Amino acid sequence: LGHFEDFGSMMNQPIQFANAEDKQEFSKFPTKAGRRSLSRSISQSSTDSYSSAASYTDSSDDETSPRDKAQVNSHGSTDFCVKNIKQAEFGRREIEIAEQDMSALISLRKRAQGEKPLAGAKIVGCTHITAQTAVLIETLVALGAQCRWTACNIYSTQNEVAASLAEIGVAVFAWKGESEDDFWWCIDRCVNTEGWQANMILDDGGDLTHWVYKKYPSVFKKVRGIVEESVTGVHRLYQLSKAGKLCVPAMNVNDSVTKQKFDNLYCCRESILDGLKRTTDIMFGGKQVVVCGYGEVGKGCCTALKALGAIVCITEIDPICALQACMDGFRVVKLSEVIRQMDVVITCTGNKNVVSREQLDRMKNGCIVCNMGHSNTEIDVASLRSPELTWERVRSQVDHIIWPDGKRVILLAEGRLLNLSCSTVPTFVLSITATTQALALIELYNAPEGRYKQDVYLLPKKMDEYVASLHLPNFDAHLTELSDEQAKYMGLNKNGPFKPNYYRSVSL
Amino acid sequence: LGHFEDFGSMMNQPIQFANAEDKQEFSKFPTKAGRRSLSRSISQSSTDSYSSAASYTDSSDDETSPRDKAQVNSHGSTDFCVKNIKQAEFGRREIEIAEQDMSALISLRKRAQGEKPLAGAKIVGCTHITAQTAVLIETLVALGAQCRWTACNIYSTQNEVAASLAEIGVAVFAWKGESEDDFWWCIDRCVNTEGWQANMILDDGGDLTHWVYKKYPSVFKKVRGIVEESVTGVHRLYQLSKAGKLCVPAMNVNDSVTKQKFDNLYCCRESILDGLKRTTDIMFGGKQVVVCGYGEVGKGCCTALKALGAIVCITEIDPICALQACMDGFRVVKLSEVIRQMDVVITCTGNKNVVSREQLDRMKNGCIVCNMGHSNTEIDVASLRSPELTWERVRSQVDHIIWPDGKRVILLAEGRLLNLSCSTVPTFVLSITATTQALALIELYNAPEGRYKQDVYLLPKKMDEYVASLHLPNFDAHLTELSDEQAKYMGLNKNGPFKPNYYRSVSL
Amino acid sequence: LGHFEDFGSMMNQPIQFANAEDKQEFSKFPTKAGRRSLSRSISQSSTDSYSSAASYTDSSDDETSPRDKAQVNSHGSTDFCVKNIKQAEFGRREIEIAEQDMSALISLRKRAQGEKPLAGAKIVGCTHITAQTAVLIETLVALGAQCRWTACNIYSTQNEVAASLAEIGVAVFAWKGESEDDFWWCIDRCVNTEGWQANMILDDGGDLTHWVYKKYPSVFKKVRGIVEESVTGVHRLYQLSKAGKLCVPAMNVNDSVTKQKFDNLYCCRESILDGLKRTTDIMFGGKQVVVCGYGEVGKGCCTALKALGAIVCITEIDPICALQACMDGFRVVKLSEVIRQMDVVITCTGNKNVVSREQLDRMKNGCIVCNMGHSNTEIDVASLRSPELTWERVRSQVDHIIWPDGKRVILLAEGRLLNLSCSTVPTFVLSITATTQALALIELYNAPEGRYKQDVYLLPKKMDEYVASLHLPNFDAHLTELSDEQAKYMGLNKNGPFKPNYYRSVSL
Amino acid sequence: LGHFEDFGSMMNQPIQFANAEDKQEFSKFPTKAGRRSLSRSISQSSTDSYSSAASYTDSSDDETSPRDKAQVNSHGSTDFCVKNIKQAEFGRREIEIAEQDMSALISLRKRAQGEKPLAGAKIVGCTHITAQTAVLIETLVALGAQCRWTACNIYSTQNEVAASLAEIGVAVFAWKGESEDDFWWCIDRCVNTEGWQANMILDDGGDLTHWVYKKYPSVFKKVRGIVEESVTGVHRLYQLSKAGKLCVPAMNVNDSVTKQKFDNLYCCRESILDGLKRTTDIMFGGKQVVVCGYGEVGKGCCTALKALGAIVCITEIDPICALQACMDGFRVVKLSEVIRQMDVVITCTGNKNVVSREQLDRMKNGCIVCNMGHSNTEIDVASLRSPELTWERVRSQVDHIIWPDGKRVILLAEGRLLNLSCSTVPTFVLSITATTQALALIELYNAPEGRYKQDVYLLPKKMDEYVASLHLPNFDAHLTELSDEQAKYMGLNKNGPFKPNYYRSVSL
């Protein structure tokens, strides 16, 4: 996702590729709400963490482009293009490990398997290709769908997982380290194949959707719907809708309540500590930390840091969020008031230049600066690339920026998202995303005509609740059921939905 | 508020008064969302807490009805009816103490005083009459308004405060311990006075609005708007609107983000401990507690109890709330699974019969049962009034229910709201409510024609943010301002609103 | 306890009574360790909390001195002196309620009842006389002892409880509101009775012990031991021991691990919130609080306040405690650096003049000042009694001190211990103290000759552990037992003690 | 440390080496107190974390034994033996990075530099050789000492750091991956050198001390003292003392308050999350965790896990610790009662076979098992090495143990200490240890004759406090000073010590 700088006018622009930096950066485009990309659910580093395996398979000397190789799976199929089909067995183990923490999806697979709710569905998908996505794809297949798949990011593919999918007959076109040309070639091979035409699209970032619009608009005649999970992709769809150009129903799964809470509050609560520890081995106790922004992301970071003994203050522009910070026990300050004393500075704003060069100049020696927010412009990293400052890479993702007087500021991940770059995303979080996607596909594919028009829809509240309920067994959580009397008193259906549709996740 | 059992058809019912029990019960009417009444912001017990004073002034032997007394203030006015005008000085001190924690309102008073934004406003109000409300009323007067006021509850009036208001010339009709007849007489005296006709209504519960509809419908010709702050009153207004009978704009201030967060999450976090301590002197450490319902109220209770060392589990019907409880570290159980082990049972659901007689039968000796939720039917208290059980009142608000085998269950406040009955509401919370009301009045009074139609409106986001910003100085909180560049990047006005209007408070 | 200013030379001083203020003040005498008095376990306010009852019985018009009344219990005995023997039945209910939370003592009663380990013991006791003490006394009786009892404090006696004890045959001499002369008369009546000579002493503060030393030294010939629970009393005993004048073994139960943890860390964690709420209705969220001293008391206060959203900083003189505060997430400051910004100032030091007049002068309007530490000199209250300042009593235990410019500082309990004055002590905490006392009596009474010499002893580790184990069923806690193999590996006896005797409670 | 299985009789045993497994295992020997080894302060993994560097220098193809190489530093000295003197520059950078977080030591260096308190000291040292130790050694040199140094562990040496020390003239004999013979050869080369005789010993584990006793007992004639920091080494010294064979004063720095708190409570609070995340990417929210043992280590683990949303219960054998767990909000259970439901099992006991094969058999699929306690026998790992179970190494330090029915249990670090194996120790913690060692050396070296006898001493309270005070500037913490009046009132010296010597760190 995020391959276009100017998505507003994407319909009449030549297809082009931004620089490599951009491809690594997820969801560059700010939205008013400052929402976070769903795409953060998968990260470069999460694939790296299966390190022995990944490095083993990737460090092969085989420099031949997959496009130039002739490969065949054990069933005789050649309708795929991966790094090395022989890695399939190893990929299978990775998928099996992922399945252990994705019991909701397995449970969905079992519940819906008999009725094959996706029988006849021809799904073309463009997502990160990882063990977790493979569990999703194999679930779709189990439910009756045919799938063709490509990667939404040129770096994030787990080659051995792609091989495994190819081995069981999914038409996968993806490998780690694609070029720009490879990227579009893969998408094209997914869509443009003889004797098969997609009737469902699962997209993450909007590139696949965009390609179909540009190259094969007639495909939309048969497509029953698009499921999109990224901020960027959703933004594009709303633009299309506004311009009257959206010609099929689309489901925005980014903004489901369950997903938002897990992608932001809970996931950041877990990953801020992890990201800081893995990069700096910092002791949290007694550290003075300023967190810029007290939205869900900031709340998650603050909760974890305070719990581990850090002394946290926050900056905010919104008085309502600021008031919440006060009530939660955090001093609300301007960055310039505290910058000299801080041990750690964390941005969580969705805004740009929140940490300016002037503030970087005033930081004390050893101050750690990182970004949990949105794009890599929250910290004005560009201003640090100037001749009077020396950059010293001390570890992977860790740079010391050295001032002429010897002061060092420790910059993590060059200002990119810390938790995408330096920590991992729990499989459980990915399970919630994947389950939501699967349900959205089932809903759109089976909806009676007329239920959805050519518009962008939020996941119905009831399905959101269903996703949550599928994950409760992981916690051995026992839900209470309403009695008839209670349901009547509350004016609710006993099976939900329990909250109105307009209840959304962002609690400010 | 809450004087009518059947508010749906209130327009064609004779005016009647429910039993005294009801008058004490705030916001009896469930809504689907299970939202809480704004009216909880004031409680019987909060007035009681100024005990020496209150008891002094109230224990007077003067049993003459205020309606039968001839009283005159020091300016010669007789246009009021209070218990004893001579208590004015003492009430003044109470008001001054309240002002200390309501600096937001004082600040608003100062900011708007020059322009007198309420010049010409004739406000008739019906709210609890306490020191905090007095600060609101005196602010309205300072901004240019003329005010006539009555009490929305027959028990909650602080007599000395009413006297103080009467002394400075506000036409107050209210005392503690009104009869039903007194109640409506007071309302009538506020509305129906020669040479003065209200052009604004501030209501809490809808009784005043209802009376005007029934008796003086022509008043609405001049009324520019109604500001209503209770769940019940808002519900009535929506019913009117739906029925096409709402003939002026109305502002629902109950559902402002700031107010909701304070009335529910923060206020309950503070009051659950206080309510339990004052009634039972319980030690929290190690206590096994089940909290029924994990909405904002339940979240507030769980946070506080866990922090003080209680072992908390929760029950939920909504899988999304249940999943949040899991992630926040609480076991999600069915009540029947744990009821035998619990030391404390707390209801926060908005539902009825959440704790049934069967469950009460299974509780262990000494178990404490109380309600933080909505109405007094969350616990099936009625089922406990049966011959085989003995009730023993051991303290104010504390009953021991004794089973034939000697087992005692400790019931607090007879199942009514614990924090209204047994703890106090911080003035700061009341300040937020009062500031919101003042701003809503200013907005409706000054809005250009056409901005508001005959409908129910939520407080505009920007005004909600303004209320919050007025309270930040209490915390010495320093808000960050957007630079021009940042505002443009975010697509925001530098002065807010910072979140879209559809962002609401309920975060599930 | 605490009736002598100069306890170091108490042996050669005339018996005298300090002023009434002192009698209310528990444990005035600082010790190097700054330990807290065990006597805090009972408070004036805890008796007050049974308010309806207490006020009923105490507000009687009967002003006759109990010493002048002829009373007889239903068994015909006149060997007691209480306010009103007719209150016995009401006192019985109070005792029964206390028993519910003192199951450890009841359990001890049951376990030891068969063997009557105190058969033959003649115990003279001097403690607070409350429902909780009554449970202790009745346990001692159940175990075979004969008891004569008097009060260690002239204000703390629950008259109805004293009546109950007298009714069942305990020779009680105590009432609420004794004069100094009454106080010593009661002690004398306990000790000096025909045909009965004590062989065990249970003391709280050392007054009883002192009286026996002065008046009836020959009693010590038969006394097998003294059990003392207050800081002051223990200090006196160590002085006696040092001077070679201690002529029987004494057990210091103040410093048992279990008791210390509950009296300080846990009890303060519970009571700081309660004490502040009941007096000021303060909202904790966002309040700036400075806690002076980060010992166990300070730690308890900080934990609770931080958990409820206050922003807490601390002052310390000891770098080790300061370092712990840092690691626990509190800023360590000098009081003068922050005093202007604070909303609440709490002393927990055991030192004097921690809050000086100069600092009081610099506080902001509305600042709350209170003491959780030791004596009422931690805050320099004396300096506030000067002509330029106005004192205004706004509630019981709450004074506004008003500066000439109108600034108000809110002083709680006139600087005396907040949790003794304004909150209650959970029965569970008192149960731990009482159980410890009972075990110490059993141990000293039954110890083979030679085990204890004429010295002051700490409760043996194993008995401390036994007290703890008796309280575990309250929490349904299940202890793990060592296997033979594990016990051998650890070099431990399977039944404990599990820690060496030199492990003490103070963790700095 | 820990090279002898039978340290009790070490004086009359041939020197022998246990198996390699043992060499990795720190502090195998249980003590009654279950105290933890100071040696945990350094870990294999902490060196690994400087991974790029370490792997670069260590992966060299140079397989020649350092003993067979002729190396010379730039000053012409050959009195050292390291892997590769050319790595000195790279090691210097590592040392500089460490210095940033060891400002206390740098501060000590500055304060004492003028007076050279170690002038004339000839220190032979045996510790882990890492960047942090290098900061200590260079501090000792700056204070006037001559140093000869060797490694206490055959795996933990950072080769580049050893090279740096050699380059500046310290006689270092150590490299990563020594054989048993190398190990003793290095120690011997340190001690046995012409024209130089040690007068101080700094040991970590007791091997150096042991060697001197066995081989060069005459050295003790000139030695002024031994400073020992490990549980094992201290235990050996107490054995010697008991046997009357200790011929010089020894300082036990393991049991200083500051060190214990940091090594146990705080360090475990930080490292438990880190260790679990790096190995398993587990999401903490909602996980059911049982922590075996609620000493300082268990407390640290529980605090962190609860704060991140885990649902934690504990097992205990000691009722006092169990009672604390209850009050802190943790259910106290027997392991067998909960084992089927747990997601994570953590041992913190100091005991053996706390998790038995039977319990491993009953765990659910995916359960994670790890040890934070003492030796690798807390979990009965040996019982898992049986033919019916399959071991699958899925990552470094992570094994899946697979039961015949497919159930997998995830064992971390093969049951060895998780935080030594899988997380890092903050430099700040190591700074406290190193500062303590430096002060102990200064004290013993400068103490007037007679102050210390041939016994084992704890660090004087005042020095412990001094170590703490040197670390306060890291937190910008400002200590309060006693006034003369206060000091007198408290009976304290204004400069401390502030607590009696018998106040120790273990708070149960």
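Note that the chains are named A, B, C and D in the order they appear, and that numbering of residues resets to 1 at the start of each chain.
Keep this in mind: contacts are C-beta pairs under 8 Å (C-beta built on N, C-alpha and C of every residue); 3 or more make two chains touch, one makes a residue touch a chain.
The model shown is predicted, which means the values in this text are computed figures rather than measured ones.
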Both-way neighbours, i.e. chains that touch subunit D and touch subunit A: B, C
Chain whose average C-alpha position is farthest from subunit A's own: C
Approximate Å spacing (C-alpha centroids) for the pair subunit B, subunit D: 58
Gap in Å, rounded to a whole number, between the CA centres of subunit D and subunit C: 42
Per-residue overlap in subunit C, given as positions that touch at least 2 other chains: 266, 285-286, 309, 326-327, 331, 474-476
Contact footprint of subunit A on subunit B as seen in their complex: 30, 32-34, 257-258, 261-262, 266, 315-327, 331-335, 337, 350-354, 464-466, 468-469, 471-472, 475-483, 485-486, 489-492, 496, 498-500, 502-508
For the subunit D and subunit B complex, residues of the former touching the latter: 285-286, 306, 309-311, 326-331
Touching residues (chain side subunit A, partner subunit D) in the complex: 46, 49-52, 97, 100-101, 266, 269-270, 273-274, 277-278, 281-286, 288, 304, 307-309, 341, 365-366, 394-396, 408, 423-424, 426-429, 474-476
